[in-house]
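Next come two complexes, and both contain chain A; in the first it sits with chain B, in the second with chain C.
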Partner chain A sequence: MVSAVYFCDGKGRPILSRRYRDDIPISAIDKFAPLLLQLEEESSVIPPCLSHDGIQYLFIQHNDLYVVALATSLATNVAQVFAFLHKLMEVLEEYLKSVEEESVRDNFIIIYELLDEMMDYGIPQITETKMLKQYITQKSFKLMKAVKKSKAAPRPPTEVTNSVSWRAPNIVHKKNEAFLDIVESINMLMNQQGQVLRSEIIGQIKVKSKLSGMPDLKLGINDKGIFSKYVEGDSDPVTTAVTEGKKKTNIELEDLKFHQCVRLSKFENEKIITFIPPDGAFELMNYRLSMPVKPLIWCDVNVQVHSQSRIEIHCRARAQIKKRSIANSVEILIPVPDDADTPSFKYTHGSVKWVPQKNAILWKIRSFTGGKEYSMSAQMGLPSINALDKPKVKRPVQIKFQIPYFTTSGIQVRYLKITEPKLLYKSYPWVRYITQSGDDYTIKLNN
Partner chain B sequence: MPPLDKRIKKFLKNSIRVAPKISNKGELAELRSGLVSQYPQTRKDAIKKTIQQMTLGKDVSSLFPDVLKNIATNDVEQKKLVYLYVMNYAETHPELCILAVNTFVTDAQDPNPLIRCMSIRTMSMIRVDKILEYVEIPLRRTLQDDNPYVRKTAVICVAKLFQLNKELCIELGVLEDLVCALDDNNPMVVANATASLSEINAMDPTVVSLLDLIQSHVSQFLLALNECTEWARITILGALAEYTARDCVEAQEIIDRVTAHLQHVNPAVVLSSVKVIIKNLVQIEPESKRIVMTKLSSALVSIMSTPPEMQYVALRNIRIILEKYPTLLTKEARIFYVKFNDPLYVKLEKIDILVRLVDPTNLKQCSVLMRELKEYAMEFEPEFVSRAIQGLAQLAIKCGDVKFVSKTFEILLDLLESQEALKNDCCIAVCDLLRHAVGNEKLATDACQLLSTWPVNETLLLSDSAKCNYVWLMGQYPNKFDELQDKLLCFIENFVEEEPLTQTSILVTVVRLHSKLPGSVLQNVLELATNQIQELDVRDMAIIYWRCLSMPNSDQLIAELCSSVSPQIENTLHTFTSDVLEKLLTEISSVSSIYFKPQFDGPRGAVRHHNVVRGRHIDELKDLAKNELARKANDDVLLDFDDDEEDLVSPRSSMAGGRAQSHMDDLDTLFDFGTSSSSQNNGNDNIDKGVADLNLGQAEQQQNQQQQTQTQSKINSNTQDLLDLF
Partner chain C sequence: MSDQRIFARYKATEIRAELQNFDAKRSKVSATKRKVALRKIIANLKMGNYNEMVLLYPEMLKFWQVEDDLEVKRICHEYVRTLGAAKPQSAKEALGAVLGDLENKNEEVQIMSLRTLSAVTSLEYINEAFKAVGYVLARRGVPQNLLKTAILLLKYMDDLDHDRVSSTLDSLYDIFERQLASPTVQVAALHTIYAIHEKNTDLKPLRLELDVAMGLLDLLPQLNEWDKAMVLESLTTSAVPQTHSDVCAMIELVLPQLQHANTYVALNAFKFIAYLLNYAEHVNEGLIKRFSNSIVSLLNKPPELEFLVLRNIILLLLSRGASLLKLDVSFFFIEYNDPIYIKDTKLECLYLSADHETLPRILEELVQYATDIDIQMSRKAIRAIGNLAVKLNEEAAHDCVDALLDLLEFGVDYVVQEIISVFRNILRKHPKRFESIIGELVKHTESVQEPEAKNAMIWIITNYSYALPNYLEFFQVFSSNLLEETSDVQFSILTSSVKFFIRNPNYQTEKICIKALKQCTEEINNPDLRDRAFMYWRLLSLAQSPKSHLLSNDSMTKLIDGELPAIQLSTKLDPVILEELELNIGTIASIYLKPVSQVFRNTRTKRLLPSPILNPNKENLKVINDGSTNLNSGAFERVPEWETIGQSDDVSVASPRRTKTMMNDYDKPAEKVNQLKGKRKSSSAGPSTLSRKPSMLVRKLSMKKPF
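Our next item is the complex of A and B:
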């Protein structure tokens, strides 16, 4: 269990702390910065847990902050600690918009209050932002407007300890709507010849619920394992953009993970996804698929290095998607040596610029229609003197994109049934599909 | 309606914010005047400013009474602020909190549950015995509160109270209430009560019998699991992991109930579920085991798409689980391939897992992995590359196929030639492969051909273990080296400066090759090792050789030694001993599982005792507090106050904690040693190897024992262990 939580600046010096149990000396945190420094000097392998004098320093990095949890016992559940620290950042982000050194310094009070509410004696308690916001109403300095305060003194809502701890009753919306976003992120590693070395699809189903009362939702998707029997005429079937041209085959999702509102035992036994949603936006479930995918945006990159004089880059990008689809905000990041300079570019579409901070050339194409092919060439100067012993940094070409109205896996929502037992209102589910690049959509360059 | 001017006045009074001006000099005075201001807004602002100053590290404890005055208010927000302030000083200035005790007691009956909680939470944190006595009634009442939010806070307060004053806590009988809370109808109360009880159990296992309680509540726990928050689930799963099922039916039932939670989005819930399942897995029928294993593997894999810290925890735990169930993740290898933006610490763990999970009989999979590792070896981060090269050697040895080994060997030699920086790692890897492929002359020739071309100067090999391996190679294949004598002499020249591994290796090699070297060399090295080396292992080893040489049948003995062939290495992956492994499996997802150091079994030592202000009468304490404040008020320049503080309080017994820690360390070293000595063939354990090479017969044992008595004063556990190997 956690003894204390510290917010430290980029050098590891404490800014704010909350001590939950006094089994560690107050000076313990002062050891954190030197420990970190010492480790950095020794090697570049810095695991997120340090141990000194019987005290465990478990930390995560968030923007320019270190968030450190101190614990004494080896029996401390370290997974819980890291999960909590990440959750803490998530909650604070909803209060402060961006959590960094400056915003922490501006918002001591609200952070104290939240730390107090989210953890007691080192045991995580209530971390659901939507519920916390009902009784932690301290004004915070952020870009958003403060929550409107009610006249009555804030009290903890009774639901925080109920089995539906994430939703207040008596929520009323004029129009009852639920929005489903199915977002698939593609991670792919290719080599320069266009061979896919590995690929995976990480999918998320995000829900934005604007529903009154205590609605019970039932989601049907075309997964093999998921029971998707659907009672005709019970609610409007959702039409999808991907159905056309594709067979209604069932696909098999792996590693399904659900938001805590989903009745897991019901899913385990009957394979039905049912839940009472929190109000507002949340991620209902995520999944992973490891089916082979062909590159959606392919780049043929050709780099020629004339050492000591210049480097030439030729790049042809092709959108290998259906003609009717469009890939938006395509960004192609091509690495160049860090000592290259004086760039000159030739290109037909989008915009190209040199980003010296990243030692790369960034080619942006706002909209890229399926089947089209664009090209770009760049030339940069290299210094005539070569630093020989510098290790050659091998970085891949990174590509980012978004393709709306399209999922790679072919996942479809068959239905979303909304029942509110008391209010019996008519509700409208909306579904959107989008495919985008994951954080690892890359092309490996040969030497 | 009052006249307009009155209304305006009232409006101004309520809304004007006279923000305290912060100047460097009179800050405290300014805050103080703000705190007693007639404008409520200003008072509130002043409290906020005070808390801000407190956070910035300023000692604002002298404002305590002024802040405290603001606690009597209907404004919950303001009350909260005061509590924040009080809570902060509860730890450092417990005696000041006496002043607030009456308010606490009143607040514990406030109609607003939020305030009831704040009061009880704060009160149970203040380390003054007398205050703790005031806790009794509020605590009892809040334990029975109608509101579950209050109850869930109160159950934790019992553990806090226990930490501060065990005797009082037992005397009050709140422990019984806590046990009753396990049957509460609210799952969150149940979870917090469980957490509280296990905390108490960790502090003193004699007070409550946690295991019995868990046993009698298993069904409640299983029911509550579906109903509560993610954190409560973790607590309850933690308790379930302590419980050993009666029979295979019950074990199966627990597993069935828990597997659903493998799909929770919170990775900590997933790992806790994994822990419960692993615990019960041994008991269930083999046929249902297969299904559970599939679910386990997919759950572990899913954590690979969480933040890097979580991945790290998972990877370290997977390494433990894989040792028990080596085939668990064999099909999932590609998930563990390194992504270029993974942090380095994750990358290194991934390589380790990749080599471990691969199926050694599946040549295709091995080759795929070999190609992957080869790619890694051509990256740029030195630690990563070094680990990849080590991985290549480990993989080849694990696979064992002759062709595969030679293929890896070629890769290593290629790398060796291409990059200067990789020489150290490649040298070690090549030698490891040769230890595996004993008798494969072709490999040995190839290796020596390349390695013997290096001019021997120190810049080439930097790391201790690389040098050690190089010298070992010379000893093994003396005929394949050119200018062997010069090279060896060069090492001997620096003998004293070398690190222990290299020294032992030189020692062994010189003994092995003594007939090929000038007669004085052996004597010279032995003299150096016995006279000038501080390292006991090296010195003892030299003394043993010395003894052997001076025995009557030394010629025969030495000849026997030199002709001995070291045993083939089957596996270079580090393994746990079986009891360490079993222990670690019960500690999944804890800090100990990351360090691979099982927890110390006995009671966790005395809880570090805190500076509880004890045995004073309450009035006396109040006086004390007042004096304290009066003294400070006079001191405008705030002097370092901590020294006085120390007199007040009983010294923290860091001794007790320290002792427990050292116990732990002892234990850890023991375990470390246990593992390394049991896995003789561990790549770097060259001391062990050297000793094993010696192949000393039974006859020498007595000699050694005699030896031991002579040098007994110097012998440490290390050498003891070495001797045990004979």
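Our next item is the complex of A and C:
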């Protein structure tokens, strides 16, 4: 249970507050900024929970803001608090576009209203933007158009207490469409020899629904693929072990997480994904696979340091994907020492530049066809005087890319059935696949 | 209208003028401007400009009557709430208007009014609030939102007047026992009752009838995410299964929730099932797999949530070893972009999950971190390697030592400091094994600078002087500037110089010893140090005086230079505390690994309630599989033992000797090994079976702070 929520600026000073319970002194938040400062001086480690004078400060960082929840008891559920604060930021982003110090100050009234609705005596309530938008309208910050002295003031819809709390009943769209995005992010750590040290696929299925009424959706995923293996997995482990030697896939795929609209018990028993979607965009499910993947974009980086004179970098990049596929906006970030200067480059494709603020060379290739190999070489000067015992730079090469129409795991949507029992309209499901680099697609350099 | 002008301090008269100015005209524009003026009031209240704003009460009351715009209502209510908290006596005037809103047709306004009633802490308001809540609860067909607000309000009002609230509890029971209202209202009622029971130790712990609990679990699919989690939280410890089939049925109902995207739900489902397992006959291997998978995918969340999950993994590793979670160590490998507190926590996970199988991989990672550009990280990694050498057996220690020696060649200053510091512990754990490397270590005598490293180096030189022909030269590096050292190091130097002398009394050692004794007694103002020096001095003179037979040379050697007990590193916590922490998965307590009752006396300690099928001992929980996958008997064997046999041995060996040789307490006591450098939150000891050595427990309980 949260006693109060504060929005604080980058230094930890409060901008805006909402108190839900009276069990903490008003001055408690004033301790937050000094606490942060003190920790920063002591060490660089600032955990997201601090404790002072019996008051617990739980906070998340968002842009230039600290969003702080105060609580008094150690029995406070942190999972609840953090999940709520992140949800709050999600909702605010939809209302305010970007949530930062300035926009918070601009829209403090609407934030108060939202804080009032989303939490009651420290307990999270409705957190679905679509539902909130029905009665917390945006007029607060479009001041000039605002006032309508309507007698029929918007009121919380009764659905918030119903079982389908994420969808209002009377939604109408002219064209009934549902968009499905399957996004797989690859995290991979390789060493310079091309050995994959660790790899994982994080998949997300994002849905944007523009459907009228109360549609019931049923999602089918390729039966030859992972899902059937998963179903068989329980009864017949032998065949799955044989298929492509990926014995682990059926285990790892249990790692599914679903949006609250998916009927979990139905999935549990029949392995069918059925749901009534909220209106608009949301993430239907995510999954993780830690099957071995070979690098999609591989870089052979060779760094030679002639100390006190220059550094030479040779880099060959290869797209190890099907010939028909194309990797878009490939970015290869190669670290260089922070005292390097006077760069000179030779390259065949894309563009190369030196990014001094990151101490790195950035090689951008807009489109990279499968099977192709490009190379680049760079040379930079090093100062002739060496600072003594400076620790060596141990930053990895980071690679970013996007490959459309392609999933690494082989997941495919077989069907997306949309049924609306009352309206019986025609509907159009659209599916799109994309594979991209995750946060951590890196090559370790052993220097 | 720009925000800057809203967020500025205004005088009451200015705003009043603005409000009145436009009051007369009834155009749209004036309404807008009026609202801006009202917003200014709220902004001023938030800035704490109470004295000015309180003057506007009459205007606000006027608005209350005429306006029916919801936003104006909101502002009016906010005004009363804020001022009510700051100046309760002034709010009396508004009471009438607030009560008026309670009768309003609009549900939203009614809710607002209820909230305002509870927010002002004056007697009138509280009385009215109780009346209103009673009214709402008694009436049939109240809008569900209003009912829910009233129920949640009760929980809050319990702080104010417990007796009046407890009289309404029965009607709350009815709501979910007989399923009188919509699911979410039932959850609110359940949660309110649960929270009131938790807070008031005079009530018995909440215990629900089994069919009621089952009924609530059946509701799960119909609830929104927050409510789901709240049900699971409230039912942990209050739904007590009576037979094994109850356990199975409940787990069945909750299992799907492990796959919820919201960490709050997934973690609470985890907690609930973990709680049920205390009553289970056996645990299915499939379940462990699902547990592990569910936890792993929670790691792909924003860093704060990831941190929480990692802390809870630590908790589970401490309490159940690998028996409930089977996670590959690679999940704890540090990523380049992780925030530092995540890196820190992952390091701890790596340390805890290290065993003989995983050690090579973990060691490889740790060595990587040790050469990391970040100094702190590097130190922590070295510290972890050192602790692993102490935690694991001799063979593993050998690998760790090799890794450390490689790093030592790296030669960077802080790495050397850290490695020397950890070596003392390794040598204490495996005294004979690594004699050959002493020569390697003492090469760095000149470069140790930090007090801890110096202490360690002095200790190493002292204890392995037999292996070092020119140990006195090394020692003199330190002893020659005794006066400039920190008091820690001064203590070490003093003790070591006395030891050298009694081991090998000759001209040189005597000179060193006398010099140290003199400096400590005459030139240093630290009374402890002076007293210790005097004590040594008298012991020495007592032993050497021919008349006295009180103290022979032998017994003095034993006294001052006795053999040290081997150290043990134990990561286990007291089972009683673990039981409580396991029931608190996901809470702040689980982050600090401290029991709740330690900080808040009044809160109830969560305990497992008795049931005929409660497992008296978690060790007996069998892991079985459903026949499809290969039997994993290792999981059962690896269940940790609760009795820390190693420790108690240690105590019994150490204590008798200690009573005799109090004086040679110069060495860090064994339990300090577990303590990482730097400050930590210390805590008083909880109820403990190991009360003989409370300090050890306390240290293990406290969260490891950065070193």
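Everything below uses one rule, namely that the second predicted complex is superposed on the first by the 398 of 447 C-alpha atoms of A that agree within 3 Å, B and C clash if a C-alpha of one lies under 4 Å from a C-alpha of the other, contacts with A are read in each partner's own complex, and residues count from 1 in each chain.
Going forward, contacts are C-beta pairs under 8 Å (C-beta built on N, C-alpha and C of every residue); 3 or more make two chains touch, one makes a residue touch a chain.
What you see is a predicted model, and the numbers here were worked out from it, not measured in a lab.
Aligning the shared chain A places chain B and chain C in steric conflict. Once the two complexes are overlaid on the shared chain, A:Leu362 sits clear of chain B and of chain C alike. Contacts of A:Ala281 after superposition on the shared chain: neither chain B nor chain C is touched.
When both complexes are overlaid on chain A, the residue A:Leu445 reaches neither chain B nor chain C.
Legend: residue contacts after superposition of the two complexes on their common chain; A:Phe108 is shown touching both chain B and chain C. After overlaying the two complexes on the shared chain, residue contacts for A:Pro25 are found with chain B alone; chain C is out of touch.
Legend: residue contacts after superposition of the two complexes on their common chain; A:Val196 is shown touching neither chain B nor chain C. In the superposition on chain A, no contact is made by A:Ala168 with either chain B or chain C. Judged by the touch definition given at the top, the superposed model places A:Lys394 against both chain B and chain C. Once the two complexes are overlaid on chain A, the chain A residues touched by chain B in the first and by chain C in the second are 1, 16, 19, 21-23, 26, 43-49, 51, 54, 56, 58, 60, 71-80, 82-86, 108-109, 112-113, 116, 120-121, 123-127, 135, 153-156, 158, 160-163, 165, 198, 202, 254-260, 263-265, 267-268, 283, 285-286, 288, 290, 391-396, 439-440, 442.
Residues 1, 3, 7, 28, 31-32, 35-36, 39, 42-43, 46, 68-71, 74-75, 78, 85, 106-108, 115, 119, 121, 143-145, 148-149, 152-153, 155-156, 159, 182-185, 188, 191, 195, 198, 221-226, 228-230, 233, 255-257, 259-268, 286, 289-290, 293-294, 296-297, 300, 302-305, 307-308, 328, 330, 333, 335-337, 340-341, 344, 371-373, 375-376, 411-413, 584, 586-592, 594, 596, 599-600, 603, 606, 628-629, 678-679, 681, 705-706 of chain C touch chain A in their complex.
Contacts from chain A toward chain B in the complex involve residues 1, 15-16, 19, 21-26, 43-49, 51, 53-54, 56, 58, 60, 71-80, 82-86, 108-109, 112-113, 116, 120-121, 123-128, 135, 137-138, 153-156, 158, 160-163, 165, 187, 198, 202, 254-260, 263-265, 267-268, 283, 285-286, 288, 290, 391-396, 439-440, 442. Within the complex formed with chain C, the chain A residues making contact are 1, 16-17, 19, 21-23, 26, 42-49, 51, 54, 56, 58-60, 71-80, 82-86, 105-106, 108-109, 112-113, 116, 120-121, 123-127, 135, 140, 143-144, 146-147, 149, 151, 153-156, 158, 160-163, 165-166, 189, 198, 202, 234-235, 237, 251-252, 254-260, 263-265, 267-268, 283, 285-288, 290, 389, 391-396, 398, 439-440, 442. The part of chain B that touches chain A in the complex is made up of residues 48, 51-52, 55, 74-77, 80-81, 84, 87, 91-92, 112-114, 117, 121, 127, 147-149, 152-153, 156, 159-160, 163, 186-189, 192, 195-196, 199, 202, 226-231, 234-235, 238, 257, 259-261, 263-268, 271-272, 298-299, 301-302, 305, 307-310, 312-314, 334, 337, 339-341, 343-345, 348, 378-383, 421, 587, 589-595, 597, 599-600, 604, 607-608, 610, 652, 654, 657-658, 660-661, 664.
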